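Structures given as structure tokens follow.
The two complexes that follow have subunit A in common; it is paired with subunit B in the first and with subunit C in the second.
This part shows the complex of A and B:
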């Protein structure tokens, strides 16, 4: 057995008391095994990974045993641990951009692994002989070829920001593999990447496992990632392992209630469209969106950076149109142009419904942190009231009923019920809510002004799978009940298939 | 869940509270009239009857410290409030509007910043004439740039956030976005720097009065007392020490509050 974890408990000591992140977990890993650890945020899966690496912060403490090759890691001295890290165990993190030093060329950073571990006295025939500079570089280039980085010689001299996200992650993997570790811990290695790049990285990990026999512990929230390369799976929930087994067992015959939910959430049937109307809610004709880039030299004409060219599409009434594209393909900028938040475009955007609204991706950032939910949700109504009062004073006819403050409060409560949140949330601050709850508030905010056309920009991509499922169901229900038309932006093909009537792809 | 006590805030409030109480009482009642002179008590050392001793006119130092704290507190609080309100509005507008407007405002700011503040206050006071009101106005103007700069950077940080875009989508006016949506998020930062500003104001007022440009005799001000006490430092050290300690305590209390406010999340 390569790695054995016995009754591991991890606690965090904070100002607010003790949080138990991992509550008694035991499992083992064999040489060359790929083990998936799946769970949502807060399940303790990342804490588990950190413990195995000995990277727990000072506020955490653990009990139980972590045996690597039979040796208890808790009993090791700092020096011994340092030997293990990098040499025997190494790690790949979620965010390659923040894990790489932005000021050092990537080749040098990978080489650092060799310089660090070359002077070690213990000699077991692996990387402990002295290497010359040229030899070290040769090793790095060879590793770059192994992880399929393009033009190793050129890449060697590049800075992290000059590489794409996928390439950065390959560099991280190269660094992790430099000393031929026996165990690789990959903590959400593909979460920050686009779908097709994700697949490439996963294939690479699998290939490394096959060729070098490196055991991999893959920590992920995404069951599809686990399914693609793992042999065995641990399902974690609230700090405990609720189910374990081979990938086949877990996927085809899940026993635990939570596992079933997880599997259900990704096995959704694609939506059957039954729309038969020709009325449009939004028409986009010959839309070209660009950014003005200010010139740094005086007198030079500003340049244009084109985001998309000559787009034509329409959203019919009651339809959910999917807009799919990789990151950087301009999805969000297009939606901002449609909403009038981005002015630099040519072509026509014709709205056939009043007050288009938006549900933003990052549910935390789109709610004012200093205001209570009730205040936030009432704001659109206050603005409407003010608008009509001004109109009335100016002598306009056909003024609709202007809501009184009491009616506005009642409408806020009504909307909270519609998005299935308890009424007492009016007195909560956004930071007191979970991600899924915040996204419900966002949906409520978008619908508050009675808008019939909504743009949803990656509304679920920052949420856990089971929460995603709930939010999507809510969106679909509200869309049907209120007869909304929707432009649904996402990078996730599976989500789009489930929700949308039609899909257009961005290059 | 047990919340960790904010000791900075608590202790700061207690100290400032005591000082304020003394100053408030000093407005209506002091152990001795602040202008009552007496030849035999000239530079009398601290005693039971006069716990802080007496000054060169035989006036009770404790009574004068009480009154002086009131004056100093009033000057500082009005100065800082004036600088904070005007500075915040200017900084917010500069940050929100941006472009040439921002450029002009911030360059004027830089010009004001380029002078040592006490020097500028001297110029203003000698131009308008000395006196309490002029000191307040002069110091108030001096405090605008620092608040404007802080408010502007807060605005730049906050205006790019998504909830501001969201506010535009639901039809908020610019005024409402600035003052209802963004301002509440900047409170702690601005208030924390207001407390630091308060301390500077206390010291600046003391400094100006020390040079004879602030509060005019026979009214008491902590700075003025220290200035007068300078000539008797060796003969009657208590005359300088007690007003000095009063300034230190006042500044310490508010500094602790400032520290505490910035720790509130």
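This part shows the complex of A and C:
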């Protein structure tokens, strides 16, 4: 057995007290095995991975045994552990961009592994030879070829920001494999990447496992990722392993309630659209969106960077239209143009309803942290009331009914019910809510002004699978009950299939 | 290249605006060079005569354009007070002041980086509190007051130098440096404290970044992570901060030169202002402005070299 974890408990000590992240976990891994560790955020799966690497922050402490090749890593000093890190056990993180040092050329960063371990004179029982500078570089270039990085010589001299996300992750993998480790811990290695790049990276990991026999512990929240390359799976929930087995067992015959939920969430049938209306909420004709790049020289005309060209589509009333594309394909810029936030476009954008409202990806960043939920939800109505009061004073006619403060409060409570949140949330602050709850508040906020047309920009991308499922169900219910029209922007084809009536793909 | 042209254009515009402001300021405040030179006892005829001689009777706009015409050719006129050309007046003093500023700047670099690293490494609460207290106090003491303390300590008690015994660098370069070390300490100390604080914060912020975790995962030692990865990243914002520090050193030297009786640009500026000697004031202010803009330009350039993500 390569790795044996016995009764591992990890605790975090903070000002607020002790948080138990991992509560007595035992499992084993064989040489050359690919083990999937799946769970939602807060399940302790990442903490588990970091414990194996000896990378827990200073506020954490752990008990139990972590036997790597028979040696108990839990009893090792920093210095002893250091001999294993990068050499016998390596790790690939979620965010390749921030995980690489921005100021050092990627070739040098990978090469560092060799100076750290191969030239290391410490006797750790493995055959190590001294390498010259030229030999080290040759090894790095060879590894770059192995992980299929383009033009290894050129890439060697590049800085992280000059590479694409997929290339950065390949550099991270090259770095992790440089000293031929026996165990590779991949912590959400594909989560930050586009769908097609995700598949390439997973294939690469599988290939490495097949060729070099490196055991891989793949930590992920995404069952599809696990299903694609793993042999065995651990399902973690609230710091415990709730189910374990082979991929086939878990997927075809799940025993635990939570595992069943996870699998249900990804096995959803595509939506059968039964819409037959011809009324449109939004028409987009010959839309070309661009950015103006300011010129450096006085008098020179600004250049245009075209984001998308000659787009034609319409969103029908009561329809959810999906807009799918890779990151950088201009999805968000198009939505900003439709909202009127981006002025540099040609063509026509015709609104047949009130101006659309927006739901963003980052549910916390879009809520004012200093205000209570009740205040946040009431704000659009207050602004409306102020606007009409001003209009009335200016002598305008056709003033609609202006809501009194009591009516506004009632409407807020009503909206909370619609997004399935308890009424007492009016007195809560955003930080007291979970990610899913916050996103429900954002949906409520978008609907507050009475708009029947919503643009949702990756509304579930940063949520856990089971929470995603709930939010998507809510959006579908709102579509049915309120006759909501929606432009649904996402990079995730599976999510789009589930909720959208029609889909547009961006190149 | 475009960037350089743009910077030069900014430089010219800034210098023009500053020269106008100084000219206006001098026409607004009461008193002029003729009165301050002849004293309050002088007869009105005598004052009028001198004013005509100095060209002070001409309208302000005309005076400005005459001055500007000469200044473009790097001729800053004649000092009213000393009756010699401003250029010759500035010549040696620029050298004295430059040596003082350079010594101060070297002190800031040499001391604040190691102290900053030392301070960032303190993990215990008492260690951190001690470092913060020391830097806060040092930061808060004004340079001229430090100057008085240093004079007292090094000159009167330790007798390491005699106040006012400044040797011109033309006679003995090292002699001049040996004297200027003391005012330089007065100027540099608060700036060192500021830089230490800035660097400490910067290093601590970097330590939480993802790439640090990667560096540990590679099997680096703690020092390997700090010196191999963190330090360079945490020095990037310090480079920008250095631009501010240099400007502060130049400005701070004005008063400190006076305290230590160093015949530098600062001392000259103070007497010139009291005597309404505006050809001198104009020249010194423009010199300072020019220096600060050029230094900021150099900082931008260094920034670009150190951080490959920066595009100019």
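Just so it is clear, the second predicted complex is superposed on the first by the 496 of 507 C-alpha atoms of A that agree within 3 Å, B and C clash if a C-alpha of one lies under 4 Å from a C-alpha of the other, contacts with A are read in each partner's own complex, and residues count from 1 in each chain.
The rule is short, and it goes like this: contacts are C-beta pairs under 8 Å (C-beta built on N, C-alpha and C of every residue); 3 or more make two chains touch, one makes a residue touch a chain.
As the structure is a prediction and not an experimental result, all values here were calculated from the model.
I'd like to know which partner A:371 touches here: subunit B for first, subunit C for second, both or neither.
So A:371 only meets subunit B here.
Does subunit B (first) or subunit C (second) touch A:489, or do both, or does neither?
After superposition on chain A, A:489 lies in contact with neither partner.
Have a look at where A:91 lands relative to subunit B and subunit C in the superposition and call it first, second, both or neither.
second
If you stack the two complexes on chain A, which partner ends up touching A:161: first (subunit B), second (subunit C), both, or neither?
second
Contacts for A:15 in the overlay, against subunit B (first) and subunit C (second): which applies, first, second, both or neither?
First partner only, subunit B.
Determine, under the contact definition given at the top, whether A:83 touches first (subunit B), second (subunit C), both, or neither.
The second partner, subunit C, only.
Output check: A:449 vs subunit B and subunit C. Expected answer is one of first, second, both, neither. What do you get?
A:449 contacts subunit B only, not subunit C.
So in the superposed three-chain picture, is A:25 touching just subunit B, just subunit C, both, or none of them (first/second/both/neither)?
In the superposition, A:25 touches no partner, neither subunit B nor subunit C.
Please write out, lowest number first, the residues of subunit A touched by both subunit B and subunit C across the two complexes.
The overlap between the subunit B and subunit C interfaces on subunit A is empty, containing no residue.
Taking the complex as given, what residues does subunit A use to touch subunit C?
Residues 53, 55, 78-79, 82-87, 90-91, 93, 95, 98-104, 112-113, 116-117, 159, 161-162, 172, 175, 296-297 of subunit A touch subunit C in their complex.
Any idea which subunit B residues touch subunit A in the complex?
That would be residues 1-4, 161-163, 165-173, 176, 181, 184-185, 187 of subunit B.
Tell me, which parts of subunit C touch subunit A in their complex?
By the definition above, subunit C touches subunit A via 2-3, 6, 209-211, 213-222, 224, 228-229, 232-233, 236, 306-309.
Help me check something: in the complex, which residues belonging to subunit A touch subunit B?
Contact set of subunit A toward subunit B: 15-17, 336, 339, 341, 355, 357-358, 360, 362, 365-371, 379-380, 383-384, 387, 445, 448-449.
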